[in-house]
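Following this line, the structures themselves.
Look for subunit A in each of the two complexes below; its partner is subunit B in the first and subunit C in the second.
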Partner chain A sequence: MASFEFSDEDLKVFFEETEELLQAMEDDLIGLEKGDEVEARLASIFRAAHTIKGSSATVGFTAMATLTHSMENVLDRLRKGQTNVSTAIVNHLFTAMDVLRKLTADAAAGRESNEDTSPVLGLLEMDLEEDASAAPAEATVPPAGAATAVAVTAAPSAEAVVVAATPPWAGLDLDEFEKQALQDGCARGDTLLGVRVEFHPEAAMLSVRSYQVYLHLEEKGRLVATRPTLSEMEQEKSGAVLTAFLFTLEDPKVLAGEIENIGDVRLALVEPVGPDGLFRAESPVLTPSAPAAVSTAGTAVSVGAATPAVVAAPRPTGVPAARSEAPAARSVPPAASAESGASAKAGMRTVRVDVELLDNLMNLVGELVIDRTRLAQSMGLLDKAVDSQDSDVTRELAEATAHVGRITTQLQEEIMRARMLPVETLFKKFPRMVRDLAQKCGKQVELIIEGQDTELDRGVIEEIGDPIMHLLRNSVDHGIEPPVARASAGKPPVGMVRLSASHLENHILITVEDDGKGIDVEGVKSAAVRKGLVASELAARMSTQEALQLIFVSGVSTAEKVSEVSGRGVGMDVVRRNVEKLNASIEMDTTVGVGTRITIKLPLTLAIIRALMVQAGSGTYAIPMASVVETLIVAPEELKTIHGAEVIVNRGQVLPVHRLTRLFADTCGGDPRALVIVSVGGRKSGLLVDKLLGDQEVVVKNLGLFLGSIPGLSGATILGGGEVALIIDVQSLLSPHAAMTAREELIA
Partner chain B sequence: MEQAVRAKELQLVVFQLANETYGVDIAKVSEIRELQKITRVPRCPDFIEGIINLRGRVIPVVDLRTRFGLPAGERTANTRIVVVEIGGHTIGVIVDEVLEVLSVAGDAVEPTPPVITGLEADYLLGVAKLDDRLVILLELDRVLSRNEQSALMEGAYANGALDKAV
Partner chain C sequence: MPKKVLIVDDAQFMRLRTAKLLRENGYEVVEAENGEVAVNQFEAHGPDVVLMDITMPIMDGLAAVKAIRGKHPHARIVMCSALGQQAVVLEAIKAGARDFLVKPFDPDKILAALQKQVS
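And now, the complex of A and B:
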């Protein structure tokens, strides 16, 4: 059996499925702790653990199987009400899931895991022992869900034997050896069960699932025959149906319930079979019923329902029905949900695509976009050059050009949409983080998540995770007060942290809001002054918004100090940096004693940005519009110097001025006439350029590994004429000047 | 390496650089382009001439003269960009003129004479004698290797390329 080989595809599905199940378990566990829909969630977690146990055992990851088995034991007691849900148990289960994640990651990477499962196994064992004395007698009672929810009770009575002539395993083509084994067993008076298991037809790993059922049955008694046979399973010839004959003392109802808990099983039919029924099934009179064995699931259900046999279809039994009502059900593969009819179709309409393929498509479309511009330009030239006699040809060409243009635009939009993911993929990891953190800080926090269906570019989602994490951490750690402090402030003891995503025009807003103590703006100011970040006179003149921006300033070792006073600032410079890297902006709103709201405004995609095109010296550059505050035309005499550094007075503020040609050591002099006011980390400075060329959408191209990352540049873009322009990264362009800027402000 | 060179016949793209003739393995060359507009990239090592648009892709272009410390040459109608694929990177290399594609018998290649030592000897595979000409065989992977490139990068910063910028 160890020789059973799994294809890479099977393993991939296994890992993906495990990840999805773990996520679902996590969601349910958090819900469980809150006390909502306890039964449904317990059932769901139990089922997920069971599925992981089964499939990991099947593919040979025994450490995972052992661990999930232990979890299952604990969950089973919870489910039966023999143990109460306590924080300790939930923590242990979380720990177990973390270990499972690591095991999965190691297995997926194909490396031997050095993860030690014994500590967590010990914890789970402890949970079991603690309540073992409470209700030892109940331990042998079959799972409540399976036992109570079965509508029709069937005993191995005479009636059952009679109708057993028609069950779907009738007509099973047994070989002589198997027939002999059946006859012998029946002659001895052993109880024979006929088993018919139907899988969701679109399930990805039918052979693995069949094998799982096989292993399960084999454990329960003497397995006489299965179709597909073991060797067929090994050759991946399994279909959506598995039939088997088993001599066992197990209760058919219990067995059906257990099988039905195996992943992708949509129907398990277990029925006692008498020797008569068995062999009559093979008689020609009854062959008309044979097609039922290969018919669709729908038919099989009705057969089962009409038969006084034990039917454990997902819907009718208590456990799975409750599960499918739990919100977490959606994160389980659609194939496993109860409404298989609808979801099966939905499942077939989606295709898993490699991310790299999408990126390549996006690149190709980017090129098309450039060519579209070129084509339009050439068309314009041609129109002028060709005289009117040839107008038919030019018109034809003009139409084609316009059409290609439209198609390209559409294609670009579609591909961009294909790259979008709901932020849910990101948000779902936060409830656990917030829970753990709140527990550690001794606070009560409720995390409300809204707008998780909002879609964002995959690239943005990857980058925005860290900033959101920092913000949430700040809210819980520094924003929300301890319960006692909240009570004395007249607030409910449970603090609220709201994480939401929403769409606003061409942007996505991500908001982190808390009802904590807010930020003491004066405290921030005085800390910044003390650290020499700003002059005290300047601080006094600062507006609240400006002062709040100080939180984001990473003053070498000062950030920590600022945070001590303000209760904020941990990682805030990181937040700002990441957010600006995305060409996004960040806003903050706070009221002392009431709470803080931070909003990140993100672009929809990173692949195409809006940029201000400028000419400086010998080059054309693109400055992302997100960094641009305003543009001015300046006369040379407007530029002043302070201690040799150029500055300009703009709206009453003294701003440092940098010549782009000088920053880029461009010897080609140029004639700087235009000033682009940019904002980095809330500080404004002027970039002196020769000419403003207007703003346009540019397709961002990577500079490539060979050039690596060059401070001041974030990439390049190809202009309509085919030439390459550099995209400026304002933040890294000006960052060496941060210290200087601070000094300049001090002087000011 | 040298043995491999001697063992079989080599197909070389032969080009002129200053007054010397060089050859590179044709398998590394993906195309030869006429000089096109090169966008200068600031804050880069000197020998990186800039970036160009290669059918929608942005690729770096290296001036081999600068890389070898030769005096800057004039760009003429014969100047070419040899596009090579090296270690997963597509890189353009500026040469004075592409002369021909040559087949050279392995035994016509001699090891690099000991007059050339150090770093430079590393990227010279040998010298092919052809009638009265000497073709210097270049190992472009090493000429343009990442390590060397980043070392040069650091050098550039250490030498104050950034300070200059400020």
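And now, the complex of A and C:
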């Protein structure tokens, strides 16, 4: 058997498609378990398993094909209502899916999989055996796909030869009705043909093949009897041989040729017979070409001389090549390439692009954005320097510059759009996680997902997954109460966790909300005091918002005991770190007994941010606009010092003030006149700088491996003039810790 | 004139494979990812042969055969089936499908089955 050759591109499509199907399967399994649209879901899971089976068998991933075949058997029984959907079966299907995922991952990585499929095959087999008595025939389908074909085949070729040696139709067990029809027809003088068809022993779906022969014969005359009968074919009880009687005026040789043209037919014998089912004396003459055919077939030789049979181009199993190659060669038309090109155009509107290519494009466009700024600045200088008589040239240049600027902006927007992915790609993995978690914790949880179509830069999506996972874990493990506790609190036993994404101006809001027991603010405070993170007097004076910020400090957990799932007090710390890395902010809202809502406010992209450019000492800095509240020009006397810490009174609030030069140990001095009010976790502080340079879009560049991650800095950018400006990470620069210390000093 | 084949399969991978094979062998290819699209594509392109998958979302292969044959009694449709789908294939043949193939596909068999339909 010839096989397809697969390029890496083909396999990539296979793996991507399989991954999509597995995801769909997972979603449907979760829905299935909830009892939600059971029929449609079963059909969809079945289809997914079926498609994976077909594709993986084609590629030659036998383990995947075998496993999906097994799943299909179980699903088929569920679909037909022969087995009920139980938690056990759903769990088995989940397990099977996980094994499939691993097999896919191993295959995709090009490594030999050491995944053992036998345990899960055993589980699925077990599911099939349950209620086996109800439908024994269905349950005994062997798991290995290829093996079925052989099992179906009744007559191996050796046996077929023996049968063919005696007139096959003579011993046919006809019923009274059939015998009567034969006699009546012969009495009228109609020509009766006996037909014997042998199929390739390894051929699949012999009932369909038999039916195709049946259809053909029926079309050609009056079909009196067939073995197998039509109902046997419909019950899928056909073997490798079909015999039939037919009143017809067709030429036996032509008819044999036609039958032979039906797939998997190895041999077709058609000859006139008498009403008793025996050959008639006046048999047609054997055609000159036939003897050769008979001898190559080797099966009908004994019929040969005594009873001339028409043997139509027998196709012994050994030599299929000549036949199958010929049509391929013959069918090549001269204009093949042009035609296929045209049809390909019609079918494709999307292309798959490597992520790396998108990243490169984004980088290049980032450079363009820098140059755009540079060009604009140079234009400004040129405008001033050049005499008015040259103004035509300048105007021309100015127009071109402006145009390049606009195009660059558009290009940047388009590329950013190309990098956007719906958050669905991320959210889709959560239903399964929440389900498993709820099962482990003994809780009932419904996860509601909203705004899946909301699009985010793929860089952001990669980074935000872990924080969301932590938040969901917390909601299920700590937020949602066990069913009994919920019932006694007058809540529905099934807890609700809502994960949603939405647009808000230039930001994406991701919200994780639950209707659980809420966060006990006093509990958080005392835990923080117990761990020595906050002084008890300070804790007592903290506002709710401030106390909630403590949750993000490593080591604070109010969970009484550490569970398998969470409660070690590290989760929220990780959440905060990851969220900060993204230039995002996090807000928390909780009511004891009612629930908790956590909102993450994300920038649309990580690659380009809007920033306020400031001058401080010898450096130029970029402060992300996301954290800027307002800017002030301050006179030195407006700054007050309380216990060695500088503060300013702004709109009736006392705000701590930090000199940027001091924070970065810049000894250049400078002349601080401007104050940038920034907000961190809802708390405002002032950053004292020399000069405000205006706001602009900056392309974020990593500081690189040499510098690594520096607290207070999130990266650098190149300005229009070519100089480098450092991008300030306000959150880590003025972490709640630092702010709290300042406040502590203040209060003390 | 190259013969036109409509490949109907919800698995993109299978369509891709088959399309490549057929183009290499001089066929013109049109694709559809489910039965409903197949019915429309049939109307739009009038293919010489349809390679029809059975298990598909929205409209399965059997329904598509019925829909196509209902309007075009001479449509040549070859079912692409898997082992265990004998009953459906039988139904499809009854509904007018000409032939069937069993997955995993052997390229030679696909070409032979198509050749049989177009010659």
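Note that in this section the second predicted complex is superposed on the first by the 398 of 748 C-alpha atoms of A that agree within 3 Å, B and C clash if a C-alpha of one lies under 4 Å from a C-alpha of the other, contacts with A are read in each partner's own complex, and residues count from 1 in each chain.
Keep in mind that, in the parts below, a contact is a pair of C-beta atoms (placed from the backbone, for glycine too) under 8 Å apart; a residue touches a chain by one contact, two chains touch by 3 or more.
Keep in mind the model is a prediction, meaning the values are calculated, not measured.
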By the touch definition at the top of the document, which applies to A:226: first (subunit B), second (subunit C), both, or neither? neither
With both complexes overlaid on chain A, does A:549 touch subunit B (first), subunit C (second), both or neither? neither
Does the superposition put A:711 against subunit B (first), subunit C (second), both, or neither? first
Of subunit B and subunit C, which one contacts the greater number of residues in subunit A? C
Answer with first, second, both or neither: which of subunit B and subunit C does A:47 touch in the superposed model? second
Would you check which partner chain A:234 touches, where first means subunit B only, second means subunit C only, and both and neither mean what they say? second
Output check: A:117 vs subunit B and subunit C. Expected answer is one of first, second, both, neither. What do you get? neither
Given the touch rule stated above, what does A:373 touch, subunit B (first), subunit C (second), both, or neither? neither
Same subunit A residues contacting subunit B and subunit C, which ones? none
Taking the touch rule as given, give the residues of subunit B at its contact with subunit A in the complex, in rising order. 37, 39-44, 48, 51-53, 55-60, 88-89, 91, 144, 146, 149-150, 153, 161-162, 164-166
Residue positions on subunit A within touch of subunit B in the complex are 363-364, 366-367, 370-371, 618-619, 662-666, 701-708, 710-713, 716, 718, 722-726, 736-737
Using the touch definition from the top, list the residues of subunit C that touch subunit A in their complex. 1-3, 10-14, 16-17, 20-21, 23, 25-31, 55-57, 81-87, 89-90, 93-94, 99-100, 102-109, 111-116, 118-119
Contacting residues of subunit A [partner subunit C, same complex]: 1-4, 6, 10, 13-14, 17-18, 44, 46-47, 50-51, 53-55, 57-58, 65, 72, 141, 145, 148-149, 204-205, 207-208, 211-212, 215, 233-234, 236, 261-263, 320-321, 323-328, 330-333, 335-336, 339-340, 343-344, 346-347
